[in-house]
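Each of the next two complexes has chain A plus one other chain: chain B in the first, chain C in the second.
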Partner chain A sequence: MLQNLFITIFELVPMLLKSAEQGLVFGVMALGVYITFKILNFADLTVDGSFPLGAAVAASLIVSGYNPFFATFVAFIAGALAGAMTGLLNTKAQISDLLSGILTMTSLYSINLRIMGKPNTPLLNQSTIYSLISDFFSKIWPSFPTEYTYIMFFIVFALLIKILLDAFLKTQIGFALRATGDNPQMIRSQGVNTDLAKVIGLILSNGFIALSGALVAQYQGFADVGMGVGTIVAGLASVIIGDSLFGSKTIFISTLGVLLGSFLYRFSIALVLSFRLAQASDLKLLTAIVVIIALTAPRFKQTFKVSAKGGKSYGNS
Partner chain B sequence: MVILEHIHKIFHRNTPNENHALADLSLEIQDGDFITVIGSNGAGKSTMLNAIAGVFPIDSGRIILDGQDITNLPEHKRAAFIGRVFQDPMLGTAPSMTIEENLSMAYARPNNMSLRWGLDFNRRKIFKEYLKNLPLGLEDRLTTKVKLLSGGQRQALTLIMATMKKPKLLLLDEHTAALDPKTAILVNSLTEEIVHKNKITTIMVTHNLEHAIKMGNRLIMMHKGRIVMDIKGEEKATMTIPRLLNKFEQLQGEKFVDDRVMLA
Partner chain C sequence: MVGDVFEKNTLTKGVFLLYFFLPMLTKKKGVFLLKKHFIVTLTIIVALTLMLAGCGSSANNNSKTEAPPQETADAEKVFKIGISQFVEHPALDGARQGFIDGLKEAGFEEGKNMEIILENAQADFPTTQTIANNLVRENVDLILAIATPSAQSAANATKDIPILITAVTDPVEAGLAKSLEKPGTNVTGTTDMNPVKQQIELIKEILPGAKNIGIVYNAAEPNSVIQVNIAKESAQALGLQVHEATVANSSEVNQAMQSLAGKVDAIYTPTDNTVASAMGAIIKVANDAKIPVIGAESGHVEGGALAALGIDYYLLGKQTGLVAAKVLNGENPADIPIEGSKDLKLIINKKSAEILNLNIPESVLNRADEIIEK
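Presenting the complex of A and B:
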């Protein structure tokens, strides 16, 4: 009984690999969430709709015979449009950020069903970007370890997105976006249209999120209309874990923290599920618990630090 | 030249709180004017600055800047030629960004939406030189986040950012009111230095009557949404606080009431 509770080292290694794969592919989504929540200070709930949107668009196009790379690119564009929708609802129709996101998310549920024509699109025996990459490398290098295609592709791709985002946030327009989240009055008096800045941020964010959805659909072999539920919480968990563990001294560290946070989040979920006390359907509950821990941990850390120094302990700080 | 023509602004119209904040306000500002603005509670001083900056649309009247009618121009577009410093030192800078990043946004104005790098070797050199000329000791702290600076340092930084690209008009809204007296003196002398050196047309709202009299070449007093006193040249140069208060009472038949006013 007791030995069932603990996992062995032989189970740990594949678990780490799986968590790294998931952490990186969902990390692209988390980077999107980082743009709205950390950079723009905009509570965007479009995520739960734009993530399955990317999956639905990519899966439908692949099943219709389109090139998987093209399908993935179109998924990015679709997500960007969803972000623009939320942005326009917020800035032009003056609907609050939360509600604009919820409205887009809700309408996307129907749109995703329309795109797929059914609740679930399997990608079995379809070529995906992974099968194409795997085939390509196997041809030029016969002993190519195809079982590592995912992890290698995800490392390269997630880091590429991270570097592109870092670079973007160091441009003049990137500064404008960061200032829009930091102090909108200030950046308006420097001549920036903060409405435009918000819309640009939401476009980029939801583009990344849909891109991640497209990659996940091909990774797990299907797109499902319900796969978006809780995406925002997972994204937030990654951002918050990254922020509390690695800080936000520079943009470079912050975005790296988001990817590592995404990995740690997936790993801690996998670890808890492996205890066999929890079952797969507990996933969303566990997600919420991980976020609550990540959000409250920094407060406890502070309390401990102060009391460890032998000084005053601020119970409520 | 800036012309304000018969500007009206009513807040909370048709409610018990209706407030005629600007009542037929007209003002002509010559190039190079440094105007100090004083006035009793609710006189419309800040409302006037906000109307010029485009924070809200005005009900009627026109605002003309260098021959261009800017009455209907949105706030961020006016920012291309209007510099602002607010009373709250927290409002003028982006706290979680560094000093050099903040300066970069001011330097790029009004082309802030471009894809060029916000910072490069050249710009850092320019910013360092710029800060070296100021008594703030910030030239070696370019990569410090602005939230770590004191209120006075942030306000001085805001002032630099507002004037880095010479604005056609500089609006200072009680920009030293939230600072301790010593820092206020520093920021004030920095203000005079920058304004004089660059000959920037400036409007400065203040509660400090001594500053209002000493600084600038023209003093206006507002009351109930319009200008009731406009003192320039010789008269401004020889003005004293008691004479100023006397003149107000003669004109308005009531006492000058401003619970935040600093007589000295």
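Presenting the complex of A and C:
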């Protein structure tokens, strides 16, 4: 009996570990989506283009011999430029938010092909930021557990990005951003330039997304021009899972929720895959069902509680 | 024994699912509630776990009493094969079936001495990585990766477990192997590098008067770009002008075909995943404009193309299965050359020829491996 439990834990630890790695590295992307979707209330579809843009830029630079950290940083800048383009299309050219995102995303498809010169750039035997980090630590600490390089790096990195974002949203520009999303008319009357706030938000958001793309390319060992397809779906899923499970009481909690949401989304897929599907083609349906269960479980509980306790309310906060 | 393993896994995962979701029931908006009902729920979970685990171990014991442990230990080893497929479409599905049949021919049969874990990423890149990680965690004896992204993810996830690849056009360019002759890594298998030159020659043979040929492909697929480059070279040598139309997804195929319709005498379709899934759209426009389509794989002809000289993915998969058997028997994948397809198959679709009002030369008909009459 106990033996079975041990097997459970024994099997799950590596699965949790891998899901956490993926959840955190894609969580950086989800934080980008959070800025536009939640803070700015701007439906930004640039994501599907800026994510592979980051991957393409980083992979091309790494292959041509540049330092992986530098390559990753340039990827961030490239994403920021893509965000700026969407922002300018929206604010200066007066194109609607959806369409300006679609236009940037569409043009990025060709741009990404140009950057790499081919649709797929392998990084399997290249030095990446992960190999540099594990080499560095192996030198100063010979028994360094290199298999945990990813998770340690991702925890530190994703939390760092989260903390920076939290701090940014509490600055004056950050408040302007939040107000632009909440009530643009009111904040305009206060003399805040909402167009500028939007562009800044998009720059930051797509910078994060491209950064995540660069990290993912190095993590999965290749950049591919098709890897952006569905990124927005994963990003939105993470943001919404995080929001409905952890709430948005404070910025601190909601950004943490986004990272956890991203982890739960990846974990759902890993969990479904480990069921040994009778039909491999059921994957997406089952993933959706697992996410639906996760999202509705608290709601069912609340309804049940309310009726059981004679309509006692749980309050609004 | 296989059933036994499966049962245990299902139970343990079921138990975990409870761990995962039940605590959410006790949640107030914002934070987890560490109060009475949390403890109650936890107790329920533990009780359920113990019950399920109890069932699991008793199921274990039963099967063990049926088959004495010593006998199972001495019995033939059950090999665990993980299959990571990028997306479902006829060519890749054919390769997968061929692989399983090839292994069977070499003495490895599913349900007897082989267990197969089949997973499909449904064209999602992060999922290819999750699948590869899962297969490594399951400690499979061998991974079959179908199509380039799955192969790259698998190669990234493990440097120890042998990886057999198929439907990868250029394993060296994709960073999977050092060379085709001697991979030097844990990756070997088959490439679906297409006999593009012979295919362009076939166009000239069927349509001696052709001057312009159109190629429809997805510029984002590495395999297609390589093929189109070869096609351009071969066409030039034969005095043919090439017109390209690129698509990003299958819904753009119709428009791309319309752009070629007035300009070309024949359409060539490379082994492209997007094109393979949109063959119907290509044939519709081509038939309306009376332009013959020459394909690169048998699936194209079944979809309505006039002729194809190419790889049969089922046979390619079978060839991969035979290589996999060598690896399971202890050969080192690093030393096994990555092979191209051994059998090329010429298929003619007479029905399409009728629609197009076209006479196919006898010389071509005579060497066809398969003729579709209706």
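The rule is simple: the second predicted complex is superposed on the first by the 267 of 317 C-alpha atoms of A that agree within 3 Å, B and C clash if a C-alpha of one lies under 4 Å from a C-alpha of the other, contacts with A are read in each partner's own complex, and residues count from 1 in each chain.
Keep in mind that, in the parts below, contacts are C-beta pairs under 8 Å (C-beta built on N, C-alpha and C of every residue); 3 or more make two chains touch, one makes a residue touch a chain.
Keep in mind it's a predicted model, so treat the numbers as computed, not measured.
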| item | value |
| --- | --- |
| Partner chain(s) touched by A:Q22 [first = chain B, second = chain C, both, neither] | second |
| Chain B versus chain C as contact partner of A:L271, first or second or both or neither | second |
| Partner chain(s) touched by A:V192 [first = chain B, second = chain C, both, neither] | first |
| Of chain B and chain C, the chain that contacts the larger number of chain A residues | C |
| Partner chain(s) touched by A:L12 [first = chain B, second = chain C, both, neither] | second |
| Chain B versus chain C as contact partner of A:G226, first or second or both or neither | second |
| Contacts of A:K162 with chain B and chain C, given as first, second, both or neither | neither |
| Touching partner for A:P122 - first (chain B), second (chain C), both, neither | second |
| Contact footprint of chain A on chain B as seen in their complex | 53, 74-77, 79-80, 82-84, 86, 90-97, 101, 104-106, 108-119, 161-162 |
| Chain A partner contacts - residues on chain C that touch it in the complex | 6, 8-13, 15-17, 20-21, 24-31, 49-50, 53-54, 56-57, 60, 85, 88, 117-131, 133-134, 137, 148-149, 152-153, 155-156, 173-176, 219-222, 225, 248 |
| Chain B contact footprint on chain A (complex, rising order) | 170-176, 178-179, 182-183, 185-194, 196-197, 248 |
| Chain A to chain C touching residues, read off their complex | 1-5, 7-8, 11-12, 14-15, 18-19, 22, 26, 109, 113, 118-120, 122-125, 216, 219-222, 224-227, 229-230, 234, 245-247, 249, 253, 266-267, 269-271, 273-277, 280-281, 283-284, 293-294, 297-298, 300-301, 314, 317 |
